[in-house]
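Okay, got some structures for you below.
Look at the two complexes coming up: chain A is in both, with chain B in one and chain C in the other.
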Partner chain A sequence: MSAQQLAAPPPPVEGFWLGTRRSFQTMIRKNGFGLIALVLLALVILGPLYSVVLWAFAERWQYPSLIPQVFGLSFWERTFARADIAEALPFSIVLAATVTLISAVICLPASYAFARMKFRGRQLLLLSFLATNAFPRFGLYISIAVIFFRLNLIGTIPGVILIQLVNTLLLMIWIPTAAFQGVDRSLEEAALDVGASPLRVFVQITLPMVMPALSAALLLTFVNTFYEAQGALVVGLPRIVTMPVLMYSLINSQLIVQYGAIVSLVLWAPSLILLILAQRLLRGGYLTAGFGV
Partner chain B sequence: MTAAAPSQSSPSWRKGIIAYLMVAPPLLLMILLIFIPALQSTARTLTIDVNGAPGFSISRYTAFFQDPISVSNLFFTFQVTLITLAAIFILCFPLAIYLRFANGKLAGAVQVLALFPLFVPGIILAYALIRFLGTRGTLDNVLSIIGFTGYRTPYLKPDAIIFGLVWESIPFTVLVLTAGLRQISDSLIESARDVGANSWQIFWRIILPQIARPVLIVFSLNFLGIFGSYTIPYLLGPAAPQMMGVFMQQTFGQYRRPDDAETQAVITFIICAFIGFLYVRTVANQRKREDSE
Partner chain C sequence: MAILDLVRLDKHFGSVAAVSDVQFTVSDGEFMCILGPSGCGKSTLLRMIAGFETPTGGDIRIDGDSIVTLGANRRPTAMVFQKYTLWPHMKVFDNIGFGLQLRRLPRAEIKRKVEESLALVSLSGYEERYPAQLSGGQQQRVALARALVLEPKILLLDEPFSSLDAILRVRLREELHRIQRRLNITAIFVTHDQEEALTLADRIAVMSSGRIEQIAAPADIYANPASLFVADFIGAMNLLEGEASSQQVRLGAVALPTPGGVAARQVTVAIRPEDLVVLDGPHPEAWSCAVEQISDLGHYRRAVLEVPQLPPMKIYLPKSLSVQERAALHVYPRRYLIYENSGAPREVSRPLPAAATALLG
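And then the complex of A and B:
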């Protein structure tokens, strides 16, 4: 730096820089932990997803480039032209919908009873559903599979439906039970007083009030079941192959990276719906309801 | 507590029966698919065929514990579970405390990132982590661009299992711990500070005792989740030693030895029985307290 420059009055830009630097320093001092946490989490949480997304749209990607050399969609066509994927995807959606529906039919009347009726052992029976979480999951699946093996339920659709239903019980009972308990009874009583039939009161007053919770329970059950891979793997193979089960073999035995990446992105769609609704689900406490908390 | 309105038309015992009929289907399903398999497996592993009649024997267990591969797999499962649990607490405790006491956009962003893994299914995570941690994966790539060339991938090593399991557990752990921390009032902490307590004392004497329950829930559910895991250790871990989930599936699915798989499953039940009990009891107590409030 020349003497002339040093002698000149500092340009306003430098004053601005000094100010921002100082405020940056105080920001680090005040928010140090938050900033470190943000950067580390961003690297660790988002880092793994980076290459999945890019691989799905890559035609050619050779090491050590950070981005693919050629982008393109040709692998999408090839992925969905595969017979196993074209078969497993619709099957998985129908299966998850079926399990959700059966779960609702079985659990919703029970949750109404738990919330609104008085009977001996009510609290204990409600808590007993925590047992679905209290086992090491894979051990339980093996134990169920051994029984199914003797009942010839291995590799059958009923077998897969049954094992997947186990995971839905807690959520499908606890969320609606809490919702039915939370309904303001005075509205129902008022309607009954003016002569509405109990059925009409239920459909027109009770149901709309519990609808947000019920739809959350249905949605979460559907998504969880759609991604359920382990039970379906133990009981379903070799004849029943759901999309997540297919992912195991795509990961283990495929040389073409794009297949796994594209299937991952497609499979991620139901989670995206949850992500969009995340704030509402979180506020209702629904996201952790499956754990019993 | 909701009290059922006494109905004029039907006596209370009749209502009780209707209630039991309504809660029966999910209860039966749970008994059929959880309690009976678990009990039956336990009984079968203790039974031996003596000239056509069943007799008591622990020979299946002695066989398990005499087999060096089985023992090393069990030991390995323990090791991974304990290290993963420690890592989860070391990471999530500071995060939860930060999220409890910080406000503003930065804290919001940290929370979004910490909860993001809730929306990434295990099977997709496994694929993403192979691309991220593997040789010539994103991490390797970035490090070599910075000039660090000695990257040795944790893929197919225990470290990758731990990384994946921690990744999956962050949202649930942070959510439950943060919710527990929110129960502690600001005024309590301020008054402790007023009488001269430092941050460490506040953590040990005030925060920790108050969130004993959330900590127990997080500990027990993560323990069960890790001990009973399959997808992450199968896809990211070494071929030997294996975690119990992978070992059981191999014994059942590949080697077609359901009896041995059953013994392995029951051993995981026995080890997790106390933790499962702890989980159910803690959640039950928590709910009782919430109900009485």
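And then the complex of A and C:
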């Protein structure tokens, strides 16, 4: 090898690839574990999604092909032509909204009391809301269903509302309680000092300051309730059928996979919309200015 | 025209007396400071005047009318709090205008008044900012404007500058002083910072364990502290315990003459550092001592003296006086106060002894 050859700069293209390969290697060496975890995570999260989305738009998909042989929308028409789905979707939305509203009416004053009043057993009561989450849900529902059966609540809308309310308590008590506790007392005193009545202090000072947290609690409660299937299944059937319950039966008893896939996609929509809304809500307004974002 | 009367005011929290038997009058346009260590009840006292605490006993009167039964939102007082208490979701304009809106003032008048009060605290043009976009000092100025815009009869301030840095604290203190003088508003200022109290106040009320120890003008309090607590709390003071006889108080190896009539045997003698005169040589009535430590404080020096059998004594030395650490000094207490167990102290003020000359450097 002559000296001239040695002195010549490496061809740029090859050098570029060499550099990339080298940086990729160092990346693997440095973050090998992280990278593998990332790929696995993507597979686990996106894999089922990939399958569901493809199935929803597939006319024909036979093993061993990785993608459907024929794409099409005909199953969408057939899905929405089904009477049970046309009925369950609006019903589920109204039901979730109703449960959220009732939960708010019960829990918000309670959380204000938890945050602002000192009473005996306060800590214990606050912890007791964890109870519904501490045990296997299904067992809880079955035992509640036994009681509901005696009270003739099985298969009724009030019964379903009641059992879904149980699920909302933890979120609707804990998040607003923390939010109310976060409002400095002296901010309320300052408002009182300039002449505001206690009610006005609450409406114009306290409430706006806890609003982001309250909205988050309301949205989460709505979404959780909308997807709640176990309670609605145990207490609601056979007369009350919500979307998640319907999805269960479609997936379990139908030979046509597309129905289940399409209903799954439809069920994603509300949570997606609400999450986007929540982001707007939490980012907008004074919070943005407040944190100098 | 606003006079505040506190009549035998008491506040108990359970069995703890936070404020007991407080009674004083703040006259129109007066700047009264309530000074005391933390936990002495000064904030509780202020919160009772504002209406955030209900007194257990006694009365609060403004211009002769009792306000004890009125809620905080109906009292003609306005408060500036210790912490930044601007409402974070409102702009500066709405923070200041909130009280005016509650009073249903016309929009144009609210705008005019908010602008005026912002100008008063030198923050014109900050209407559209949110509190989080202001510095700590600016936030407290807005809080002051929020209180002043309502034209309260009594302005209450609860250690408003304590969370600011030293330089800002002094600047805002001067600004507050200027504003209070200009508006001639009756003000009560609670603080644990004696320098703040001494520079701002027309009169200072010194509080300790819920009680008023002394109420007087700053110079008066400094010159004649009514109790040992005040003597110790306000300014630098040398406190020496001694045994009194008919003629003199014996302090370890040295003694000081008494004016007579001192009944107690155990007394405490209080000497301000500036009342210790350095003589040019030994003298029978001077105390011989060694200079323990010298701290240079810019325009003067502070020294700690070691007098045999006495606790270390503070003294101020002019810069021109060339004294080194470990040097011997002869000091002469020119003025001192003798405190018995209770009651007013006895003041002794005496001339330099004949044939002695003070060293002035």
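In this section, the second predicted complex is superposed on the first by the 260 of 293 C-alpha atoms of A that agree within 3 Å, B and C clash if a C-alpha of one lies under 4 Å from a C-alpha of the other, contacts with A are read in each partner's own complex, and residues count from 1 in each chain.
Assume contacts are C-beta pairs under 8 Å (C-beta built on N, C-alpha and C of every residue); 3 or more make two chains touch, one makes a residue touch a chain.
If you're wondering where the values come from, they're calculated on a predicted model, not measured in any experiment.
In the superposition on chain A, A:N133 contacts chain B only, with no contact to chain C. Once the two complexes are laid over each other on the shared chain, residue contacts for A:G32 go to neither chain B nor chain C.
After superposition on the shared chain, chain A has more residues touched by B, the comparison being chain B against chain C.
After overlaying the two complexes on the shared chain, residue contacts for A:Y112 are found with chain B alone; chain C is out of touch. Residue contacts after overlaying the shared chain place A:G72 against neither chain B nor chain C.
With both structures placed on the common chain, the touch criterion links A:A190 to chain C but leaves chain B unconnected. Of the two partner chains placed by superposition, A:P158 touches none, neither chain B nor chain C. In the superposed model, A:P90 lies in contact with neither chain B nor chain C.
Annotation: chain A residues 189, 291-292 touch chain B in one complex and chain C in the other.
The touching residues of chain B, counted against chain A in their complex, run 2-5, 12, 15-16, 18-20, 22-27, 29-30, 33-38, 40-41, 94-95, 98, 102, 106-107, 109-110, 113-133, 136-139, 141-142, 144-145, 167, 170, 172, 175-176, 179, 214, 217, 221, 224-225, 227-231, 234-235, 244-245, 248-249, 252-253, 258, 261-262, 264-266, 268-269, 271-272, 276-277, 279-280, 283-284, 286-287. Listing the residues of chain C that touch chain A in their complex gives 50-52, 71-74, 77-79, 81-83, 85, 87-90, 98-99, 102-103, 130-133, 143, 146-147, 150.
Listing the residues of chain A that touch chain C in their complex gives 184, 186-187, 189-198, 200, 204-205, 208-209, 285-286, 289-292.
On the side of chain A, the complex with chain B involves touching residues 31, 33-35, 37-38, 41-42, 44-52, 55, 63-64, 66, 106-107, 109-110, 112-120, 122, 125, 127-140, 142-147, 149, 162-163, 165-166, 169, 172-173, 181, 185, 189, 227, 229-230, 233-234, 237, 244, 247-248, 250-252, 257, 260-261, 264, 267-268, 271-272, 274-275, 278, 282, 287-288, 291-293.
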